[in-house]
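Below, chain A partners chain B and then partners chain C, in two separate complexes.
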Partner chain A sequence: MLEVKNLTVRYGAFLALADVSLKVEDGQIVSIVGANGAGKTTLINTISGLITPESGEIYLDGQKLTGMKGHEIARIGVVQVPERRKLFPEMTVYENLLVASIHRRAKKERQKNLEEVFSLFPVLRERRDQLAITLSGGEQQMLAIGRGIMALPRILMLDEPSLGLAPILVQQIFQIVQELRKRGLTILLVEQNVKHSLRIADYAYVLETGKAVLEGLGMDVLNDPHTVEAYLGR
Partner chain B sequence: MTTALFLQALVSGILMGGVLALISIGLTLIWGVLKIINFAHGEFLMIGMYLVYFLVAKMGWDPYLTLIVSIPALFLIGVVIFELTIRPILKYPAINQIMLTVGLSLVLQNLALIFFKADVLFAQTRYNTALTIGSVVVTSGKLIAFIGSILATFILYWLLQNTDTGRGIRAAAQDGDAATLMGIDVSWAYLLAFGIGSACLGVAASLMIPFYYVSPTVGEFFGLIAFVIVVLGGMGNFLGALAGGLIIGVTESVGAAALPGSLSRVLVFAVFVLILLYRPLGLFGGKQR
Partner chain C sequence: MKAVDRQVTFTVVLFVVLLFIPTFASQYIINIGFMVFLYAFLATAWNILGGYAGQHSLGHGLFLGIGAYVSTYLFVSAGITPWLGMWVGAVIAGVTGWFIGYLCFRYGIKGAYFALVTIALAEAAVYVATNIQAIGGAGGLEVPWKGNNFWIMQFGSRTGYYYVALVAAFLGVLLTLWIARSRFGYYLISVRENEDAAEALGVNTMKAKLMAITLSAFMTAIGGTLYAQYFTYMNPRSVFGEGPSVQILLFAIIGGIGTVWGPAVGALILVPIAEITRAELSGSFAGANLLIYGLILVLVMLFMPKGVLGILGSLGKGKKNSPGEIGHEPVGSK
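== the complex of A and B ==
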């Protein structure tokens, strides 16, 4: 279980996250929704150790993550698939996958995970020796998720996986996320696509200007009058 | 210029170009990963050459045996200098970094002047045998230096392409944050890249000692020329540095045979400017490293 307790993050004078707490239970999909600038990316970058919080703590199964270095957090299994994918552009598809499983824990499972990624995304097997930069947007997102799987996540954090994709691909990405949960992965999903991500979420949080204003079961949050008014425009 | 003279200059240029390429590959690796130009690169080479000189001239070692000392020694010097001086300034503007490494080069040069005096030293080895191929004469030392440099270049290239450590270094170079998110220790990758880039100079020092003199200012020329080659090849580009090294080596050598005095250096920079006019990002600029 991933636990975020009273997290506060500031960029200079700007309060990016104010006393945010949340839990991600094993085997669940937890969605964090909110508008641009609500602090979603700040939240998962802080969990990943890229940003140092002003106060608050983060735990994975009781182990404290705050204070650890970014690569150490990734190595124990808190793996992020970042916004806009951030692939290694001058590496091939295959190299992008290998490079995520350099650390010892992931390296032991490298062959098995590679097979799993190729079975989830057969197109990546076809594109194996192409440079990542030559892939289409959808393929790049698949590679980014595949790369995350190679790092052997105990929890996989997806930042805006549907961003910039055609509607049909958006559907596909959300199906993949559900498929990943079926395979036993725990998922923290950060999305601007409120309707889709709440539909597949077991539990959800709504973030507004750095504060968690609403939480509950995915469907409950989806049907909450505030959500409907603020995000779904009905 | 006669054909024989031209051929001689061409061959000499290619042989020296290989060594220049190896020196430049160290610099281009450091640039590719850290986005820092180490203007003390030539002075690191100078230190390596003094080290090798003493092992060869005073202790009687075979120059190529010194590789087992010069490679780890230069790696270590690179790592220590990186940790003490360069790491603390990594986040600051490029101009500060330039000042730092230029300052470092002056300090190292003058320390060498104090410790080794201004004397120009040359180690006598048994690798001065002249080999004649047709009308072209080369010494065995230069031939070995060329083969060794090319070999070292390809070994390093292979390691970067095909080992996990090499992939980790390349990932850190392409996107530091993404590398961190994949469990790669980026600051370790930086350290390794700087160490390996410096260790290239250990190899170059051992290979050059049979035919090149040592003095406190010997690094000036090599540091500058390596910078030119790195830019010429496309900053951070491995194969570009190899091609650039050979081009500059040949230009220098043929220029020296054809033109009076030190005009060959002028020719080197004329070629440099010409190539940049037509390929502003270098020969292989913006492509795969």
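== the complex of A and C ==
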């Protein structure tokens, strides 16, 4: 279980996250929704150890993550699939997958994980020796998720996986997220696509200008009057 | 992996062929050969940090100068052979490089800012060296000629230096071949391609960058000792200055940074051009050689921004110049 307790993050004078607390239970999909600038990416990057919080603590199964370095956090299994994918563009598809599984814990499982990634995304097998930069947007997102799986996550954090994708691909990505949970992964999903991500979420939080203003079961949050008014415009 | 074996074979064959050049070539050609190998080696060293790890140092003269000064000072003052002094200089440069890297990377200095820091430190070294009388101050340091003796790295003809530089360049290329396929190499490339993503996937980016700058500085200092032994004279500006710093990276850029052979190919193209234009033109048209040299650089930059091998590599992988950005924005930019 991932636990975030009273997290506050500032960029200089700008308050990006104000006293945010949340929990991600094992085997669940937890969605965090909110508009642009609500602090969603900041939250993920702080959990990943790329940003140092002003105060607050983060735990994975009781182990304190705050204060650890980014790569250490990744190696114990808190893995991020970053916004806009952030692939290694001049590496091939295979090399991108390889780099993610190069540390000791993931290396043991490399073959198995590689097979799993290729079974989830057969197109990546076809494109194995192509440079990542030559992939289409949807393929790039698949590679980014595949790269995350190769790092042997205990919890996979997906930052805006549907960003910039055609509607049909958006559908596909959300199906994949559900498939990943079926295979036993714990998922923290950050999305601007409120409707889709709340529909597949076991539990959800709504972030607004750095504050968690609403939380509950995915469907409850989806049907909450505030959500409907602010995000769904019905 | 087979392609790598083929490359190793090619490197070894090329090395053996080059061993025989001095048996028939003139001293003039051998001189050019030495310069090609020396600069190929230096640019290869730069390429580990600049090409693979993507941290562009514009101050590698600092490490070149440390290598040149340390081995020469030990030789002049204590009679220690440059064969030993070379390693002392390399270790000092490696530690210096590590320290610079630690300061920069610890505080998130990268890109153009890292380049500026390296320029500033190399420039500072010029003034530090100018003010140390024990190493000759502004007047510089001379390597005294003690006669043709392999054990003190002094040779009666240019052929001896040719072989020393050839071995250095050969080992440098082999090392790069290894790096390019090793876990270390993948770490470096992932840092270059997207540092935050690499860190978030479990790559110790700090350690990777520190290893790269330490190794690069270490090797560059070895090149500095060869430089000192061949030219037998150095002053603060000639080794620590912007001249050598820029030259080193030009070879890498022209040849293709981040490729195994790029730096060597860059040296192979540019050194003879520089030498020949200097020999042919500096008498009648003073400065014309630099004009032509500059023109060639501009043309390569314009038409082959990825360097000679960068172009070939792109063709080889069938890459198109299509989809532009794959998220080069910094993580947490909003």
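Convention: the second predicted complex is superposed on the first by the 234 of 234 C-alpha atoms of A that agree within 3 Å, B and C clash if a C-alpha of one lies under 4 Å from a C-alpha of the other, contacts with A are read in each partner's own complex, and residues count from 1 in each chain.
Quick note on the criterion: contacts are C-beta pairs under 8 Å (C-beta built on N, C-alpha and C of every residue); 3 or more make two chains touch, one makes a residue touch a chain.
What you are looking at is a predicted structure, and each value in this text was computed from that prediction instead of being measured.
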item: Simultaneous placement of chain C and chain B on chain A, clash or fit; value: clash
item: First (chain B), second (chain C), both or neither touched by A:P122; value: neither
item: Touched partner set for A:A74, first chain B, second chain C, both or neither; value: both
item: Contacts of A:G27 with chain B and chain C, given as first, second, both or neither; value: neither
item: First (chain B), second (chain C), both or neither touched by A:T134; value: second
item: Touch count on chain A, higher of chain B and chain C; value: C
item: Touched partner set for A:L50, first chain B, second chain C, both or neither; value: both
item: Intersection of the chain A residues that touch chain B with those that touch chain C; value: 48-50, 69-71, 74-75, 79-80, 82, 86-91, 95, 98-100, 102-103, 106, 131, 147, 151
item: Residue ranges of chain A touching chain C (in the complex, touch as defined); value: 36-37, 41-42, 45, 48-51, 69-71, 74-75, 79-80, 82-91, 95, 98-100, 102-103, 106, 131-137, 140, 147-148, 151
item: Footprint of chain A on chain B - complex, ascending; value: 164-165, 167-168, 170-171, 174-175, 177-186, 288-289
item: Chain C residues touching chain A - in the complex, by the definition given at the top; value: 183, 186-187, 189-190, 193-194, 196-206, 258, 317, 319-320, 322-323, 325-327, 329, 331-332, 334
item: Chain A to chain B touching residues, read off their complex; value: 48-50, 69-71, 74-75, 79-80, 82, 86-91, 95, 98-100, 102-103, 106-107, 131, 147, 151
